[in-house]
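In order of appearance the chains are A, B, C, D and E, and numbering begins at 1 in each one.
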Amino acid sequence: AAQADDVLVFAAASLKTALDQVATEWGGRTGRSVTVSYAGSSSLARQIEQGAPADLFISASVDWMDYLQSAELIRPETRIDLLGNSLVLIAHGRDAGRIDLEAGADLAGLLGDQRLAMALVESVPAGIYGKAALTSLGQWDAVKEKVAQTDNVRAALALVSSGEAPFGIVYASDAVAEDTVSVIAVFAQTSHVPIIYPAALTASSSAPDALLFLEALSGPAAADMFRAQGFRPLNGQGDG
Amino acid sequence: MADWLTPDQWSAVLLSLKVSFWATVLSLPAGVAVAYALARHEFWGKQALNGLVHLPLILPPVVTGYLLLLTFGRRGAIGGFLEESFGLVFAFRWTGAALAAAVMAFPLMVRAIRLAIEAVDPKLEQAAATLGASPLWIFATVTLPLILPGVIAGAILAFAKAMGEFGATITFVSNIPGQTQTLPSAVYSFLQVPGGDGQALQLVLIAVAIALLALFLSEWLGRAVARRIAGS
Amino acid sequence: MSFSVRLLHRFGNFVLDVDFTAPAGVTALFGRSGSGKTSVVNAIAGLFKPEAGQISVGGRVLYDSERGASIPVHQRRLGYVFQEGRLFPHLSVQQNLGYGRWFAPGGAATRAEFERVVAMLGIEGLLERRPGSLSGGEKQRVAIGRALLASPQLLLMDEPLAALDEERKAEILPYLERLCEHSEIPIVYVSHSMAEVARLATTLVLMEDGIVTRSGPASEVLSDPESVPALGIRTAGASLRATVAAQEEDGLTRLETTAGPLFLPRVEAPVGALVSIRILAHDVILSRTRPEGLSALNILATTVTAVRLGDGPGAIVQLRAGEDLLLARITRRSAMALELTPGADCFAILKTVSVAQQNVGRTG
Amino acid sequence: MSFSVRLLHRFGNFVLDVDFTAPAGVTALFGRSGSGKTSVVNAIAGLFKPEAGQISVGGRVLYDSERGASIPVHQRRLGYVFQEGRLFPHLSVQQNLGYGRWFAPGGAATRAEFERVVAMLGIEGLLERRPGSLSGGEKQRVAIGRALLASPQLLLMDEPLAALDEERKAEILPYLERLCEHSEIPIVYVSHSMAEVARLATTLVLMEDGIVTRSGPASEVLSDPESVPALGIRTAGASLRATVAAQEEDGLTRLETTAGPLFLPRVEAPVGALVSIRILAHDVILSRTRPEGLSALNILATTVTAVRLGDGPGAIVQLRAGEDLLLARITRRSAMALELTPGADCFAILKTVSVAQQNVGRTG
Amino acid sequence: MADWLTPDQWSAVLLSLKVSFWATVLSLPAGVAVAYALARHEFWGKQALNGLVHLPLILPPVVTGYLLLLTFGRRGAIGGFLEESFGLVFAFRWTGAALAAAVMAFPLMVRAIRLAIEAVDPKLEQAAATLGASPLWIFATVTLPLILPGVIAGAILAFAKAMGEFGATITFVSNIPGQTQTLPSAVYSFLQVPGGDGQALQLVLIAVAIALLALFLSEWLGRAVARRIAGS
């Protein structure tokens, strides 16, 4: 349970497992406590805009952090790119083989009359990245009619894991723990704008520990935990 | 209208109307039957049925959507059967969106109709029986006309709910523009990107306008029926 | 078609324990408020299933608790006029009247019958209306019409005329009477009006506190001085059988009874028809000598057969008038003064106008 | 407290156009089914607001369409016995009876009153029950009790006794009568029973098709041969005023009228009390000579004041009996035979038992 | 119980109960009042009120939540006023979760109660008026007891809906463990990460069990009341 001077973190929901571990570990080490509210980045950003008492915001999309920054609701000097992630193509089943998209594997052909599960390609980050990646591979036009878009990556994963869709595009971090799907291709980091989870203190942050926790997030212990969940720690390069 | 809506938005509006309409119309007979059974009969498993009917109200929509996926998906027990036997496919089709909307709206519909049935004086049904009407006829000629305002209320409630349904729908049939992208899905998309509020608002207003229209229509219909019954 | 009802049921601390049989015709249930009449009718209709009992009509077993048999209500082919209307509020009067017709196998009421019933009930002007705005009596008339037009095999009428004025009753009663005569269907009739009961009933069942205290042919029960307390002294009376002898010019009808001629206001029956005339006990004046110069036209020579002195100042005298029995209710003081004891001869004076139309019924 | 009602309202093609005033006491509305009686009562209660009209009770204006005045229903201090019960289904009989008590300002019915009413209605055994399981007559009795116990300033009774048996009526009527005598509150009484009306009513309002055809003091309207068609010939009759002279040993009561002595079955009134006795026209036999040796004990010397020949075989003869008027209904044939013309002297023969308890009312 | 639930899960369960309970209890009087007004009165703006009441049903929950955030948030018109005047804060408190749940459940509650009111015979209310009861008394002693089964049905429907409400709640008051994290929000959190399904399922089952319990209780209560009215 949370106290008034606890650190209250607003974080993208996909970070839950790793961030919970980091928070517990940090809390145990420092005797301080952190409370994390997980929701979609858009919700969290809007809440901060409306005066939410959050100290720290970790977004799954650069756009929402930019949005808050331009509204002067975060402290730009504390903003860092906390994590990166990579995008993978998954298939239903444990041991699906690998395909090579760069070499021109025909995704549309593989799909046949079935669906490719992705997050919303115009609005949810994973979907936007996925569309960009497919576009850069020249495959988008062929598959765009076959895309089943979900409101978040996890739902896309569910479609593949239940077999409704044979293939899907999700974050590597999502594919990690799911044993009913297998990763059949990894999209090159260059095929889309970098997948970045920025973090920053909010302008209204009042908890003195918030900055300490932000620092801990980019520390080595945290990095291990994030890595274990499929994220790529970025060692805190602020982009101002 | 088509001017200030993109084709995708436009098709989302039409699809939502189609989905909600069919979800309401097709679930109405089942709603009436279940409401009648719950209101007037005692049977084994009654409370189980009652619980089942209310489940979509209780469960987070995502969970309902996921359960639908597991049962009515192509690989699901029922979904597979229906596809093989009748060629009826729900997954990634507007039919699936209608199914999700119907399931989500069902508890509301049943509740409204059930209350109406419970308000019918069984003495009138008895009177019909003495005149030779079998239970089915009694239902058709006495009970049903008397509960019509309740049925209309239930149907419109369901329609409104169906127009607003999002979580279960997108989880079950995802969001395929032109096929399963309903109004709420489109609204959700816009809300996910900074600056999309304006377009979201536009769509929301359309949804509200449609649902309110339906609501007023039902009020008017319900009152007309009630007045007919009151006999003036 | 005969009729038998046996039932036992407990409602809270009220016990219904009824057993009677009745031949074809009208079986009247008579008893005070709360004596169980409606419950019996409901059991016959199948709306209430007694804990134990058997009900059969013309050999057809409607209900038998022992054999677990119960014909569903809608297959009993009933016409039930409920004590409280129960019109369908969403249907017009016309549709209410026609409701039973949809389900009448084959023998649906014809257009002509429909019109006759509607005219008799005086509801022509109401056909397009809905029950909600009808007056109390109008509702009841529509309910009667609905039951009559269902082509029933069994007619149940629970105080059908209670909310109606005398004139309307006088219009409906002859219709019911003709119905009783011409149809083979048994009729169960509940009423608080002895005039109605005496006029219509073939069989009379007297109920008290859930129990049948007396049942039997109406003429017998009615002319028995012993049943006077149960019937109520105001309504005691007996019936004379008579033949229409002539329709006279001044509007009177001359009838022949086995005790002599009788003049009544116009009886609508052809010369030669057999009628039964109910004469209320308190409408009879007795005299030991034949009185002269009275406005009363009817004087019958009779013999006293029984005298029953009540608790109060009254006495009931049973008289033999030809082949029929008459009851007279006089004061105990007069009975003494006139020395009326069994065997005594005396004259019964009846006012012509005392016999209301509703107390003349056709028989045979 | 006097009473005035004037209203005009159109329901579909039925026009209610009513105008009457009545002094304190019981105002009876009499008319055929659908003639508008319930509508008038509803207007008085405030449940229906006529398009135009004025209603006032004892100078208090309840409704005035012109001035736009309308006292809210709940402030009219009513006791309304509805034609169709309207008991509260969720309350026990006891709670139904007590409902009005909560709102009676000050003058709530006492415990003793409660018990008296309950006993009179014979509903002691029902107090814990809910209306759902009561019989038709039981419901009606509870409804009467509920209205009486509300300590009303105005009592509206729409066919309160219709569903009750004669005996029960005979128990309730004297109570109502005492109520009418002792209380100052006006009572509006709708009934199809002329016996009830004649016994209770101070003022009689005859209605037909929404219109008042006659209104005035009950004794006047009732003894007027011209109102016989409206009342129905069976119910025509007039009232004699009498003083209780003695309670005799054999259960009879001797009364003195201005036309001579009268013997009736026990009248429950002390010696010296003034009573009014309703004598039905068809219960009177006329004779030009004084008859002897009849079981009828009452023979009054009278003079014919008017003769009205009807369309049928009957005639109504109005007679002066001392200071009162009597009506006799005889056949036209007898009227001719006895040469009954205005001014003729004749004897009116009344059976002692013909005057039912319910036709004796206390006055003064 | 505490054994197999983490403290956060456990507090989500308790919070959901608290939120749903207060949302139901506090909105009930308003629900009855609005239902009565809609069922029995004609007034200016009636249809607007009717539309407003139904809005949460029609709008996607996220939109409702967002609108709540905009009006009842600290920077919102009403929220700011309430905070200044009464010190009443909704934003990011459990009170806000209760408000969101109440708003979302309100249409269901009103519909159920309204149908019950419409089924009450106005003749009984008239009878009460003739006996001297003022409109308020009539409501308290005649109408209310007669609609009790409908009120119970409406309340439980609202409670069940409140137990399942997610979209508006998380959008309005976020998902802060111990403060605004209700059962459905917790379920959502688990569903967003790999391997969370099991824990999500556990919470869903708890939610279902609680809601079904309430449902059966209401069935039983409703029937007891109805039986009392039928009078046997």
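Note that in this section a contact is a pair of C-beta atoms (placed from the backbone, for glycine too) under 8 Å apart; a residue touches a chain by one contact, two chains touch by 3 or more.
This structure is a prediction, so every number in the text was calculated from the model and none was measured.
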Furthest chain, CA centroid comparison against chain D: A
Chain whose average C-alpha position is farthest from chain E's own: C
Fraction-based call for chain D against chain C, same above half, different below: same
For chain B paired with chain C, centre-to-centre distance based on mean C-alpha positions, whole Å: 57
Whole-Å gap separating chain B and chain D, where each centre is the average of the chain's CA atoms: 60
Centre distance in Å when chain A and chain D are each reduced to the mean of their C-alpha atoms: 90
Centre-of-Cα separation between chain C and chain A, whole angstrom: 90
Overlap residues in chain B, where contacts from two or more other chains coincide: 62, 166-167, 188, 191
Sequence positions of chain D contacting 2 or more other chains: 84, 129, 133
Touching two or more other chains - residues of chain A: none
Contact pairs between chains, per stated definition: A-B, A-E, B-C, B-E, C-D, D-E
Chain B contact footprint on chain C (complex, rising order): 45-47, 72-80, 82, 84, 86, 88-91, 99-100, 102-104, 129-133, 146-147, 150, 156
Partner chain B, residues of chain E touching it in the complex: 47, 50-51, 54-55, 57-63, 66, 107-108, 111-112, 115-116, 118-119, 149-150, 153, 157, 160-161, 163-164, 166-167, 184, 187-188, 191, 200, 204, 207-208, 211-212, 215-216, 219, 226
Parts of chain B lying in touch with chain A, wherever the complex brings them together: 62, 66, 69-70, 73-75, 91-92, 166-167, 170-171, 173-176, 180-181, 185, 188-196
Sites on chain A touched by chain E in the complex: 1-2, 8, 10, 13-17, 35-39, 43-44, 46-47, 50-54, 152, 154, 157, 173-178, 229
For the chain B and chain C complex, residues of the former touching the latter: 123-124, 126-135, 137-138, 141-142, 145-146, 228-232
